[in-house]
Amino acid sequence: MENYALWLILALLLLAAVFLPRWGLRSLVRRRLAAQQRERVEDALKTALDQQWENRPLSLRGLADYLHLSEQAAQRLVESMQAQGLLSLRGSDLALTPEGERTALQVMRAHRLLERYLAYEARMPLEKIHREAHRMEHTLTPAQVNEMEAAMGFPSRDPHGDPIPSLSGQLPAGTSTLLTEWKANLPARIIHLEDEPPLAYAQILAEGLHLGQVVRILEATPERYLLSDGENEYRLAPAVAANISVEPLEETILTGEGILPLNELDHDQKAEIVSLDEACQGFTRRRFLDLGLTPGTIIFPELLNSFGDPRAYRVRGTLIALRKEQAAQIWVRPTTEASA
Amino acid sequence: MTTPPQASETFSAYDLLAYADKLRPQLGENFRDTIVNSLYSEAEAIARRAVHQKGDRRYDLDQRIDRIVTSPIFGLPIMLLLLAAVFWLTIVAANVPSQLLATALFWVEAQAAALFDGLGIPWWITGFIWHGVFRGLAWVVSVMLPPMAIFFPAFTILEDLGYLPRVAFNLDFLFKKAGAHGKQALTMAMGFGCNAAGVIATRVIDSPRERLIAILTNNFVPCNGRFPTLIMLATVFVAAAFPPAFASFAAAGAVLVVVLIGIFFTLVVSWALSRTVLKGQASAFTLELPPYRVPNIPRILYTSLIDRTLFVLLRALGTAAPAGAIIWLLANINVDGVSLANHVASFLNPFGLLLGLDGVILLAYIIAIPANEIVVPTMLMVYMGTGMMTDVGSYDSLRTLLVDGNGWTMLTAINLMLFSLLHNPCGTTILTIRKETNSWKWAGFSVVITLGLAFLVTFLTASLARLLGWG
Amino acid sequence: MPTLKFNPDNCANCPANAQLAQMGVKIEAFDRVVALAGNPNTGKSTVFNALTGLNQHTGNWPGKTVTRAEGGFVFNHVSYKLVDLPGTYSLLSASQDEEVARNFILFGQPDCTIVVTDATALERNLNLALQVMEITDQVVVAVNLMDEARRKGMEVDTRSLSRDLGVPAIPIVARTGEGMQTLLMTMEQVISGAIKTRPRRVQGTPEFQRAVDELSPQIQRLLPQVANPRWLAIRLLDGDSRVQEALLSGELIELAGAQRRADTQFSQKIALGGRQ
């Protein structure tokens, strides 16, 4: 008798475990599948958009390769996306429908905003953000993406320098040149570091190159590129250098006589802040502004740490200590007057 | 040009947001910059009209002091000297009051116990109340109160002067190398008072990653609850090896060395964390160095004595009373003719010896998990618990008790100092970490790192000492 | 109850009955809420301690106060709850502290906000004062550390300051209590409306001005009773998610409709929620 009761309870428990609305196995599996489907669709859209921008055709086979899917799975995916009106077939090539392109832009938008958020607000290491953003981009609702954008003050570029599409799918304009096509000895600002393939990206980061840095090509040979930012030299293989895009310096920085980063200012030399570097974004920029490091402010180094770093600067009547890396993000113009 | 939404009855909050969204692109990307710029230029103009500088005395004195206390040659030595001076003051000035308090309180204990006996009250009631609970309290008061009453005000004076940010400034290069935030030095300074307070003070660090590093390593700063242990050991073992004239300096030096070892481990663990579990970029480091201000001495005395000292003391007493009771019970409940305390201690003994300590010390640390303050009292009570009543009001008799009575060596003393420096945070601090990080995982992790390191380091020194033949 | 002795020189026109009584933590029933805002290290906690008789820790390093403290005092038979906010450089929400401070000034609706400033670094301090004045009209600026300013040979003309800011600016030395009586009387008058403040509002660039001017009327249309449409407009243009949320959830509408009563349930709710 007791045995029956025991079995009955077990059976009920088992049923509950499988069919419970929220925590049951069945709904867990279903949710997992739905999430997986969303991820695949979104990745397919991004791939198609990338190919379209590069003017390269995308075949079913190619898509399967990009997404690491079997051809049958890719076939099923494409069919379901066609049914949703996201993809269409042009001959044997896949093409995005206008609706598909719009959705793809939104996925890209989420991805790039996330990258920016992770890099500047959560301060995650740059080589990690792509993977993390890729994982998270499929879980955000559009409202969350918009909120994130607003919280960061509507940025226009991600940490690699790629443009972030706006809610309506607009892309901010910008001109960039590959470093390999840039003239030697002419200073340029790094505005994009391509994060694919990861190995090349890791190399760039390991060298210590970063967005917003102003560099010159000292030497370009088929074997290597030698760059300098005035302080350090960087060696790169040409294949890796091709992953870096640069832009000419803005007029002010070029023509502005004697503008230099704050960390290079002589001890006790008074200077006027010209601007905060474009690469200084997010939390750091807001903090600098709030401390009164605004253009036009007079600043001078007053105290030197035993080891040369950090230095303390007198600004608006207060002594503020900054590390070298932070000071390097503030452009100043020395005034003729000495502080002492 | 954006047109305002049509006047209608259905203008909602959503429409308002949408309208703001439409206006925003006209403002350019760095709208925030514009706002702050105009705020500051306005502030500048107003201030210029209102403030008039007479003469040129503005930063003179401050600047001169700053040049010295942050100078490449004197900066770090001055820091160490100040710290050593505070320790020395604490050791020297606390010595006599401590002994007086101990003598007085133990006299009270003896008198009261005698009175109870005279009244015919059963021995176990007398023992539990007077030799248990009261003795626990007496120990804590006499061991802790005098050092705290001196250390807190002395340290607060440095704080009120404005010296602490300069320390952070001087030490930042180390924290930078360790991948941590320079303000961690400020939170460590707070940790000298109480590690729980140090953990709360980490809120000054904005970056969550660097803040976690500061939280997890704060325990490597010996808090006030652990100072009495360090001071006692430094006095009984280190200072005893020096001529009396230098004894107090030697003791202060020993405490300073322990603190430096703590800083060393803070940096090493921060370094390890920032390269593994808490990997990431350095965040913006901005540290304001406020002008020096003359400390407000009466206020400092008031807050540090009434507020801090009393607060910490009450907390310690709250745990000392039950701990005293537990120890008395352990020492007086016999199983197979041996007291429970001895059972537990001899069970822990092999492990303790492996670490260069002994079973009683480990037992004391287990009982003292809620508050580190009661480690020394617990230890002494267990050592004396078997009824042998020694007068340990003076450091000499303490030495006799530990060395002759219980086989302590220099290694025991050194390892106990190290263990006391490195072992797990007290209960309050663990709870505070849990609250500040909102996760049991990090709280648990802080225990794992500290205990692991404490075991490892003491085990290594003990093994090394034995290899060299002076264990 | 302990009463503070003030230097009578600084209180030439004090009515004889102007009396301060420190109430410590006894703040169950209060008539008014007053907030202390300001940059780090300007002496907010010192002012707080002087008024309430409490022992909020003070220390000469920015970031000493990381939690919010509350206390009470009675002045001229009116009881006040005083809230010591964490020190911030700005209210534009860069960090948690700033969020706490700003949310209290905005949603806690104090009857008066005293901005404690450092006389020796006014420029930096006024930046915050201007931001507080964007949020609320009920502001008194306390120019603290006057002794330090004198020591450094600086003269601070608080009249010119008051005129430029459009709110009263009172010189004080929180440590000795100098000027505190005047500060309290001014605070009382600002709350009662006897002093009408006209806070200076920052102009900004023409585009900024145009956008704000376009958005403000819309805000007034939606929330006719709101006291600071301009500030809301700026926050919305800046994409401040906390304000957007408050707007959508109706929190702002509720606030705008509420009478300026100190003991509204709401301010108590916020006060409790914000306490660590």
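Letters A, B and C mark the chains as written, and numbering starts fresh at 1 in each.
Keep in mind that, in the parts below, a residue touches a chain if its C-beta (ideal position, glycine included) is under 8 Å from a C-beta of that chain, and two chains touch if they have at least 3 such contacts.
All figures in this text were calculated on a predicted structure; none of them were measured in a lab.
**Student:** So with touch defined the way it is at the top, what topology do the chains form here? Options are line, ring, star, complete, other.
**Tutor:** complete
**Student:** With centres defined from CA atoms, tell me which chain sits nearest the overall protein centre.
**Tutor:** B
**Student:** Which pair, B-C or A-B, has more C-beta contacts?
**Tutor:** Result of the comparison of B-C and A-B: B-C.
**Student:** From the C-alpha centre of chain A to that of chain B, how far is it in Å?
**Tutor:** Computed value for the inter-centroid distance: 41 Å.
**Student:** If you average the CA atoms of chain B and of chain C, how far apart do the two points sit, in angstrom?
**Tutor:** Roughly 35 Å, centre to centre.
**Student:** Going by the contact rule already set, what residues in chain A reach two or more other chains?
**Tutor:** 153-154, 283, 286-287, 289-292, 316, 318
**Student:** Where does chain C touch two or more other chains at once, residue-wise?
**Tutor:** 90, 92, 94-95, 120, 122-124, 127, 238-239, 244
**Student:** Return the residues of chain B touching two or more other chains; collapse runs of consecutive numbers into ranges.
**Tutor:** Correct list: 24, 31-32, 36, 40, 44, 59, 206, 288, 290.
**Student:** Please give the residue numbers of chain C that touch chain B in the complex, ascending.
**Tutor:** That would be residues 40-41, 55, 57-63, 66-67, 90, 92, 94-97, 119-120, 122-127, 129-131, 148, 152-158, 160-161, 164-165, 175, 200, 202-205, 207-208, 210-211, 214-215, 217-219, 221-222, 233-234, 236-239, 244, 247-248, 250, 253 of chain C.
**Student:** Which residues of chain A touch chain C in their complex?
**Tutor:** 147, 149-151, 153-154, 283, 286-287, 289-292, 316-318
**Student:** Quick check: in the complex, which residue numbers of chain A touch chain B?
**Tutor:** So the residues of chain A in touch with chain B come to 119, 122-126, 128, 153-156, 167, 276, 283-292, 294-297, 302-307, 309-310, 312, 314, 316, 318-323, 325-326.
**Student:** Could you list, by residue number, the parts of chain B that touch chain C in their complex?
**Tutor:** 2, 4-5, 7, 11-14, 16-17, 19-20, 23-24, 26-28, 31-32, 34-36, 38-40, 42-44, 46-59, 156, 159-162, 164-165, 183, 186, 200-201, 203-204, 206, 288, 290-293, 296, 299, 302-303, 306-307
**Student:** Would you tell me which residues of chain B are touching chain A in their complex?
**Tutor:** Chain B reaches chain A through residues 21, 24, 29-33, 36-37, 40-41, 44, 59, 63, 66-67, 70-72, 75-76, 169-170, 172-173, 176, 182, 206-209, 279-290.
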